[in-house]
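We call the chains A, B, C and D, going by the order they appear; numbering starts again at 1 in every chain.
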Amino acid sequence: MDLIPQAFSDAVLLAGLYTLMAVGLSLGFGVVRIINFAHGEMIMLGAYGAFWLFTLFGVDPLISLPALIVVGYVVGWLLFKGFIAKVLDAPHINQILLTFGLGLAIQHIAIILWTGNARSATPVYATSSFLIGDVLVVHGRLVAFAVAVVMVAALIAWLRWSETGLATRAVAENRAAATLMGVDVRRIYALSFGVSCALGVATGVVVSFILTITPFMGFPMLVKAIAIVILGGLGSIPGTVIGALVLAFAETFASYYLPEGSGWAEGIAFVLIIGILILRPRGILGEAVET
Amino acid sequence: MNMRYVSVSLWVAGLLLALLTPVFGSPTMVDITFRTCSLVVLAVSWNLMASAGLISLGHSAFFGLGGYAAILATNSAGTPFWLSLLGSLVAGAILGLGLALITGKMRGIYFAITTLAVSEGLRVIAVMLPDLTGGAKGAYLAPDNFPGAFTVNMAMGIAAVGTCLIAWAISRSRYHFAFRAMRANEGASQMLGIYPLKYRAAITAISGSVASLAGAVEVWHGGYIDPALAFDLHITITSQIAPILGGIYTLSGPVLGAVATTLIGDATRIGLGHIEGASLLVFGLILVGCVLYLPQGIRGGIAQFLDRRSKRSASTPMPADAGQR
Amino acid sequence: MRYPSNLLFLAGLAVALGAAPASAQEPLKIGAPVSTSGRYVAYGAQAKNGIETAVEVWKKVRGDKVAGRPIEVLFRDTQSNNAITVSLMNAFIQTDKVNIIIGPDGSNVAAAAVPPWKKLDDRPIWFMPGGSSDVIEKEVGPDPYFFHTYAWSYYYHENNVNALKALGTKKKVALLYSDGAYGRAHIEDARKYVKEAGFDLVADELVREGSADYGPTLAKIRVRRPDILYVLVQTNDAIQLTKQIHAARLNIPYLVGTAQTQLREWQEATGESQVCWTGVTTWVPGLNYPADKKEPKLFPSAADWEKMWFEKYKTSPDFLEVGYYATTILALLAVEATQSTDRERLKEWLEKQDYQTPLGDSRFKKSRVALHQAFGTMVVFQRQKQPDGSITSVLVYPEQVATGKLKPCTQ
Amino acid sequence: MTPLLELSNVRAGYGHSLVLQDISMSLHEGEIVCLLGANGAGKTTTTRVISGLLAAGSGEVRFAGNNIAAVPAHRRVDLGICLAPEGRQVFPNFTVHQNLLIGSYSKTARQRRAEKFEQVYGLFPRLAERRAQKAGLMSGGEQQMLAIGRALMGCPRVLILDEPSLGLAPKIIIDVYETVAAIAKLGLSILFVEQNVQAALMIAHRGYVIANGRIAASGTTAELQSTSLVQEAFLGTKTGTGRAPPGPARLSAH
């Protein structure tokens, strides 16, 4: 049996998930110039939110998605106002530590609230699938892919065509010039950080029925998201999509065609990062928020 | 009381504590000192790189490599204690040199991410070569001769003191200016006749070798290693927390920070260990608080306090640049 | 010692030691390294529940004291961290001078606890109701003061394979293991028993711990058309893997897991996907172990004990909780019976005792390397869908306890 | 008559270095005023103070009679203070049209957007032709036009142009100034910063000369042309006052 179509399909679906995982981080970095080390915890909170709504009230994760996105936005906005705004002019490393500290605190608040038990939401489509020829497609993954496409498209449309989106890009490209256009930079920061967190939460909702939910699930995803964002070029949204594709294809094909490939796959990602940074020190597509 | 007096007496105190505790201390004291010294080595090492404008997000790479180098040398070739430490120093230096070479002119966040990638890459290697490293289920140190707990504790004390001496020597040499220039602007420093790559390689090699040494002594102390914890990102993070908590780019800052981090960590762990999740929650909050309210670190806080006490009237500072650049 | 920063250390020391106990009656000190934060926090919580419940029951049955001494359990957080675990073990033995150590839980911290304990000549009796990795057993060696109260990894596979032998030996087996500590600790023995039983090993695939997509591995396994899929991954991976296996429609008749299939976490998180998975464990709800004849209140029948637990926690217990309970009671009984905390006397008593606990026979036997091993009796069960739609564990091996037969999956 | 824009005894700088020692100047409704000075004299810093990018350390900035010290930079656009900054600072990844669109981001400007587009595209037919092009790909002169057009989109009462001739070919400079003159006819008040004395004095009514962070000379164009102070200011030296104030010359250059 020829595995290439299957590998191709797996890789594309995985790339959708990876894009969603990284795009919020990319936006946050592109605009606010902060690598949010608590982004993984936003994913975790989204996953728990979807899980509890599903388990306690039977609300399908896809139905709770819009509401949770709003909650994610509010949480991000509050985090910005309460913490991030105070370190905007501090060195990068202080910002990293601040967000790391926030992430650690959020993780352990989750433990206190919900214990460290592993969980997962179980809507029917999470484990059903269909065949196209020889290629097996899992509904849950297709749903995740669709959500990713919709979210990323909405983000790009917002950045490209809305007034505020345009202002956000202006801030990302040149904050002083944006200020001179009458753009309130701080407000845009708060907004983008909120949107970034909302995207994190959306990722969480999507993985709530695919992956295992624990208070610690965020950190490995953050590392992966950083890898993707760096691969594509910090702050570039098309770059993030490309980064996600590169990583998903490399991992999937390594898993299919190398001995013990799925074990080495993660290593391949980091070799790729180093390689790309050596060749193109600013990622595949440079910096700044582009759409 | 001025800063100089305080700082000299603190240095002497630290030195004595590091070297005398293994001899006279109670077991708890020995244990706390050992962990503090280990963190001092990592923090000073991290701060050395940071002083040259190289922010490392992968110090666990050196730490883990040092640990594995020591355990491999000992278990496969029967290398004695001190020689295995030397091996780790060399391994760390080689990794540091390699890092300087592959990162070339990368700066800032790109350098940081490369170090992160190196650390994760090494972890994957350690996991995927179980015949060599024991894989994820870990490996125990099996020396022909165990040098005794005292020697191991002493080694960490010496390592901490030695690392501080290296940092001090660098701060006294002309390299210091080169690093400061590199931190400010690598391009400009090149015009001043400083060749960044040379200095970069030197600093990453030194910093890497001492961090590896810490990893090696830790293995002799704990007797066990596994990839998840040898290359744990939390090692990287604590090696940053300490200098930033204490005062980045300074000599004493990382040391003060290491002491504070260890004590805060122990206090929350023991005080709140019986409540699930509480100890690291409080640690995280303290970290956030420190970044927000002690941006210059403990050292900056002390200096400010002493400044205020000496009632030196401060000149009116200029308003900050509102242009957010 | 005249320098100002000593104050810092002394302050730290004071915090570290807590208020020194100054009671006239020396308490019985039990050192309990538990992972109440970090990645093993779920295990840590169970460990703590088990010990706490044991002490509570003891106090209810026997009063507040053991051998005339108050009971003091020192719970210390390992933070799921090796280096901290080393410090904890040192502190327990050298500073706190605990009489007994019970724990730690997660496999890596359990492994890390061995060297510091072994290094010290005055080490106390150590019960380990957690780690199952054979590297731990090899490192501890035939130490007289080490009491393992949990199955070793190879017990799992011996029992699992024995249960599978009922299907005949012409079966094709696919092994799937993670590159994590769990997979690596189990794979060698699983391979060994599968081959010894004469099964045909058609796939032997490694997956990455925490991977987001097992699709590639499952696609490769599908091509080999195995009859049995034998999975060695830890709980978190098992949850997402189980769901993906269900979605992948592999049409494999027998899905074989290890301990995780018995965990509430796994059962709740996998929903319908769990049907027909088998597991192997030391404890499962519905075991018909009777109460102990000498100590029926401390060691009631498995059913009664389960009921007691359910009333307290509103959930049924997991195997670590039972394990920590039985181990703690055993430790207290040892002190009471010998009226001492001398490790030689405790060891002698422990070697001779024999109770019928909710976790089975408490007798210590030799294992491959270690001298003392108890509660290693394992049962194999299958998650089967009942006519009323519920999914329950049906015991299929060994025959003495079996409540049903191993059934192939129909998908 | 109250000047539209007035600076009195303004001091400002970055960190501990004071760039503006003492600046007082004014701009009346409908006036074109140029600000001359050597590289590093403090011209750009003055525009940053007016636009609010940099807070004044002391002294007052008044707009239409009100002290605007507390008005943040982005709100000053609403008042009608629009700056085409030094080095143009167009958004390189935006199209020409998007650059202009964002130029009218402020509340007041947004309501008159259509009218403004018409005006700007009328003034700069070149921009109309290139409306879909990415700004970063245009020539320096075109980018300067865009920067001015973008500032115009903000419905300015005071248009501030910081070195519009910087780095442009002489022929283009003339184009730029012709446009500025055309804009002036619309009745706007214009303050522009120049090193290029010839070009500046061609269209301005009045001028100020900055040297070492102080106003060294001021007057009508004719007066300035006839005085040697202009030349002196450009050399960065000042005769007669003894010691020159410490020159943080390099700091405000970029």
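Operating definition for what follows: a residue touches a chain if its C-beta (ideal position, glycine included) is under 8 Å from a C-beta of that chain, and two chains touch if they have at least 3 such contacts.
In this text the structure is predicted, and so the values were computed from the model without any measurement.
> Can you list every chain that touches chain A and also touches chain C?
Touching chain A as well as chain C, we find B.
> Taking each chain's centre as the average of its Cα atoms, which is closest to the average over all protein Cα atoms shown?
Ranked by how close its C-alpha centre lies to the overall one, first comes A.
> Among all other chains, pick the one whose mean CA position is farthest from the mean CA position of chain B.
D
> In whole angstrom, what separates the CA-based centres of chain B and chain D?
50
> Taking each chain's centre as the mean of its CA atoms, how far is chain B from chain C in angstrom?
The mean C-alpha positions of chain B and chain C differ by 36 Å.
> State, to the nearest whole Å, the distance from the C-alpha centre of chain C to the C-alpha centre of chain D.
75
> Using mean CA coordinates as chain centres, what's the gap between chain A and chain B in Å?
31
> Would you mind listing the residues of chain A that make contact with two or more other chains?
108, 111, 115-116, 176, 179, 185, 215, 260, 263, 266
> Could you say which residues in chain C touch two or more other chains, in rising order?
37-38, 41, 44-45, 179
> At least two other chains touched by the same residue of chain D: list those residues.
Counting only residues that touch two or more other chains, chain D contributes 52-53, 72-73.
> Which residues of chain B touch chain C once you look at their complex with the stated criterion?
Per the stated touch rule, the residues are 6, 9-10, 12-14, 16-17, 26-29, 31-33, 35, 127-128, 130, 134-141, 146, 149, 218, 221-226, 228-229, 232, 234, 259, 262-263, 266-267, 269-281.
> Would you pull the chain A residues touching chain B in the complex into a rising list?
Residues 35, 83, 86-94, 96-98, 100-112, 115-116, 175-176, 179, 185, 215, 219, 223, 226-227, 230, 234, 260, 263-264, 266-267, 270-271, 273-274, 277-278, 281-282.
> Using the touch definition from the top, list the residues of chain D that touch chain A in their complex.
Where chain D meets chain A, its residues are 51-53, 72-75, 77-78, 82-83, 85, 89-94, 98, 101-103, 105-107, 109-110, 150-151, 154.
> Per the contact definition, I'd like the list of chain C residues that touch chain B in the complex.
Contact set of chain C toward chain B: 3-6, 8-9, 11-13, 15-18, 36-38, 41, 44-45, 48, 75-77, 79, 81-84, 86-87, 90-91, 94-95, 107-108, 111-112, 114-116, 119, 133, 135, 139, 179-181, 183-185, 209.
> In their complex, what parts of chain A are in touch with chain D?
163, 166-167, 169-170, 173-174, 176-185, 288, 290
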